[in-house]
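Lettered A, B and C in written order, each chain numbered from 1.
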Amino acid sequence: MCRAVLSLPVLRSLCLSLLGLLPLQTQAQAQTQAQAQAFEIEAHVRFDSAMEQAELRLLSVTDLSAFEQLIRDYQMRNPTVSVDYTQVSSRELYKAVAAQEVAFDVAISFAMDLQMKLANDGLAQDHQSRTSRAAPAWSRWRHEVFGFTAEPIVAVTSERGFEGLPLPRTRQELIALMRDHPDRFSGKVGIYDIRTVGTGYLLGTQDANRSEAYWRLAEVMGALDPQLYCCSSEMLDDIGTGELHLAYNVLESYAKSRLDQQGGGQILRLQDFTHVVMRSALIPANAQSPELAGSFVDYLLSAEGQSKIASETAFPPLSSYDAASGGPLRPIRFGVTLLANLDRLMRDRFIAAWEGALRLN
Amino acid sequence: MVRAPQAGSIQRRLALSHLLLGALASICLFLAIRFVAFQTAEATQDNLLRAAANTIAEQIGSSGDQVIVKLPHSAFAILETAAQDRIFYNVRVNGQSITGYEDFLPPDATRRVRDPYSFSLGYRGFDLRAVVLNSSAPAGSELQEVTILIGQTQDAQQAVADRFAAWAILISAGIFLGLAGLGAITAQQALRPLRDVTGAVERRGPNDLRPLRQPTPVELTPLTSALNDFIRRLRHSLRRSETFIAEAAHHIRTPLSTVKTETEIALRRTECDDTRRALRKVLFSVEESARSASQLLAYATVTQRSDSTPLERMDLKTKVQEAYDALFPTADLKDIEMHFTAQGPCFDIQGDVLMIEISLRNLIDNAIKYSDPDSRIDLNLQCDGDSVVLTIRDQGRGLGDVSPKQLFGRFKRGPETAGIVGTGMGLSIVNEVARSHGGQLYLSNNEERGTCAELSFPCLS
Amino acid sequence: MRFLLVEDNQNLAEAVSTRLAMDGHAIDMAGSLGEAQDYLAYSSYDIVLLDLTLPDGDGRRFLGQCRAAGNDVPVIAVTAQSDVSSRVEVLDAGADDYISKPVNFAELEARCRAVLRRRGGASHNVQQFADLEFDPLRAEVKVAGEPRELRNREMRLLEIFFSGPDRIYSKVQIGDRLFSSAEEISENVIEVYVARLRKKLDGSRAQIETVRGLGYRLSERG
């Protein structure tokens, strides 16, 4: 039964998912199973196979509409497999896999740090195949977490807001710009409330790890009455209405689709560095059909799968990232430092510093 | 040559023990390298864990009566490994976990040692290498105990150890092959002095009874000494036998000569027919005794010298001539004409002088004995490049109906020998001489009458 | 012939001496090399019969010394040893011939004659009867000055008759002397040899006379 209630937890989980990438019609259309769950389900669909011999149970943070074509394509290649698709927030996904009560075959999430922690703690299974080994080493953690997309994180500027102003190429330039034109930017800068938005926290810590510029940026923003948001959809709404001149750390693919629709904005890949986030899949330790799960992971990583991702979804596939090309793109790597960021003490300290820089306390 | 029974091979044993030694050494080396590699990798990991713990420990502070632990980012950065090892950690203040995995505890949670110590333990089903660092921070009026525990899986370490293991296998295998090869060579080399001695003994053959004078390694000296001692005793034994035979001959023949002479005297003096007949019988028997003694001694000489006397090069024609000269008067006594002819450029053979002389004398003596007076004996010597053949034809009684081979047996006399003194040993003596010289004795009846004896030896050219 | 017998075995020496005397020879006996030396210094001999193993030295060495000292007397070595030296070695040492024990006297006489013939000895052994001149050494008989060659047995037969001319010898007696102890006496052979000898003496005043029932004797015709 659909529990899509516009409550705060739901809102939070929506924001923790794909930055509110897609409208919620999927939820309304979804057929759900009457199942007592220890976690909150946002949507549930079963893709039946006429010749069903096996069932693949997917737990995903991604919106169904994005995945539907992929699933159908997979079923075409594996006609005997029925696919059971459950959509949750990334926090709920973490809880579900950690609890190890309900069994899912593949857990797909945008939250790289949570995925890594699940794997580190021994809650994921090992999967090795020629396809999986062919993926670059930095795109996976051990043989347990497999990134299959490469999605840049950008800033969005409004045309009107930046009228007459040069578009900053680096964060340094952005800082200088904002410092030089406080009147233009005061109350017009939008960022995630990292205290509530998991992805925002991830990106913030990554920014801070990579460059000192992040804290100076935060300080500069702090002096300009920064606007805190839960999700990119609202940030882009406000870019469109002119209430925001700058939205920071937005998913490029989503921003592009929104700007294509509404126009009036610009995507800014900052040249000092542009982080790339990977959507990843892992096979929970208690998966019922691990071989089937492995085949699905391999499909996502395969050339056919990757091209399907490119054509049918808005996500840039992993293969679209060319490591040798140079440029500002910097994939966030699976590593122990992601784990560090989840540490309670670290988190408390970071948030305290962030609040201080942004003058929120 | 008689083959001694074999009981294993020294060379093989040596090579085998080298092989085993090599295998043992290689295995030990391999294990040692692996062990050292693992220890080194583990030590490296321990150092990193300690460094991470220290980094955390340095950031312990206090605020009021609260201990503040700031986990620096660098602590985690230090622990990043290429194998993407798992990390588990737990920071406790006064026994309470303030961050990390609450149930991650050292095996001896109460141990309080100031210096960080490393150990291995299991957690969540993983084998971890961990470090515990105990520290204290003043907070308020009390000293608060801070325990930092960091654990990490050992995949990276294992990878290093495995890489070393691959090298270790390669090195060990190389050393093993080297040692095995070396062992085989050494085994062969070690036995070279033994082969040299064997070769020296083999080359000289059974006729040479000189002592071994070859320098040998100290381990073989007892063997060569014993061998030389053995040779010496053999030489003495042979010489004693020779001397014995010679002396025996003297002690038999001289009294026999006396008997014969006295009997002849008595025969001359007697008038009585009966006495005369008896004395003639005595003379006949004495002749037989003398003959037996001679032949037995000749036979003993021949068999003794058969295998042990050095052979020399000699001209058989000369020897036949000598025998001819020696027995010519005997033939002449019976008015037997004896002729000797030889055809060929060379009659050299390899042989023992005494044995050749004995055999020639026996054959010619036989021919004279069994021939009638006024008959003829022809001696002919020929060499066809391969063998030298002496043919003796007489016009005597012949072999009779018997197969010649049978006559070669000791004490075997043919059917035509009645009335003539003989021991039956002559032919076996000659046959033995022929055999030991690689030659042959062949007997046959002449077409008309008499015997044809062919004695052949390998020609030496 | 005059013999010097050098033999240390007393019994054998006496027997040989007696035996040779029966055939009309003269013998001196020396029991050692030392004695032999003395005898050789005093007298001359036709043949020296030298036993090679004597108590006071090796006969061969003695022989060598004799030859070196210039004594050229004919020597026949007598040996009981079967192997020690071959005939050639003995001859090389200086002997003229050698014979082995037990001594066959017919052979010994034959060898002695051969040695003396080779040495070209004086013909003081010529025996005479009627118009026969008999030289046993050369195995020659002259009938009235005309030489007739004799074969070995013929000569020995004649020698028997010459040892006692006009004496009757029975066939048995002849047989004893003619045949060696190893042979059987054949009366036929004796008759054959007598016949041959008669042929050889043809034309001589001497004859081999048959004495019926008793034997034969050498007598003069007439």
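Quick note on the criterion: a residue touches a chain if its C-beta (ideal position, glycine included) is under 8 Å from a C-beta of that chain, and two chains touch if they have at least 3 such contacts.
Since we're looking at a predicted model, the values are computed, not measured.
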{"item": "Chain-level touch network, classified as line, ring, star, complete or other", "value": "line"}
{"item": "Per-chain CA centroid nearest to the all-protein CA mean", "value": "B"}
{"item": "Leading chain pair when contacts are tallied as C-beta pairs", "value": "B-C"}
{"item": "Intercentroid distance (Cα basis), chain B paired with chain A, Å", "value": "84"}
{"item": "Where chain B and chain C are represented by their mean Cα positions, the distance between them in whole Å", "value": "65"}
{"item": "Rounded Å distance, chain A centre to chain C centre (Cα mean)", "value": "148"}
{"item": "Residue list for chain A, restricted to those that touch at least two other chains", "value": "none"}
{"item": "Of all residues in chain C, the ones touching two or more other chains", "value": "none"}
{"item": "Residues on chain C engaged by chain B in the complex (per definition of touch)", "value": "9, 11-12, 15-16, 18-19, 22, 53, 80-84, 86-88, 100-103, 105-107, 110-111, 114, 151-153, 172, 176, 180-182, 184-185, 189"}
{"item": "Complex interface listing, chain B residues touching chain A", "value": "69-71, 73, 75-77, 79-80, 83-84, 86-88, 91, 98-100, 124-126, 155"}
{"item": "In the complex, chain B residues that touch chain C", "value": "242, 245-246, 249-250, 252-265, 267-268, 273, 276, 280, 283-284, 286-287, 290, 294, 297-298, 301, 322, 325-326, 329-330, 332-335, 353-354, 357, 373, 419-421"}
{"item": "Residues on chain A engaged by chain B in the complex (per definition of touch)", "value": "120-122, 141-142, 209, 334-337, 339-340, 343-346, 349"}
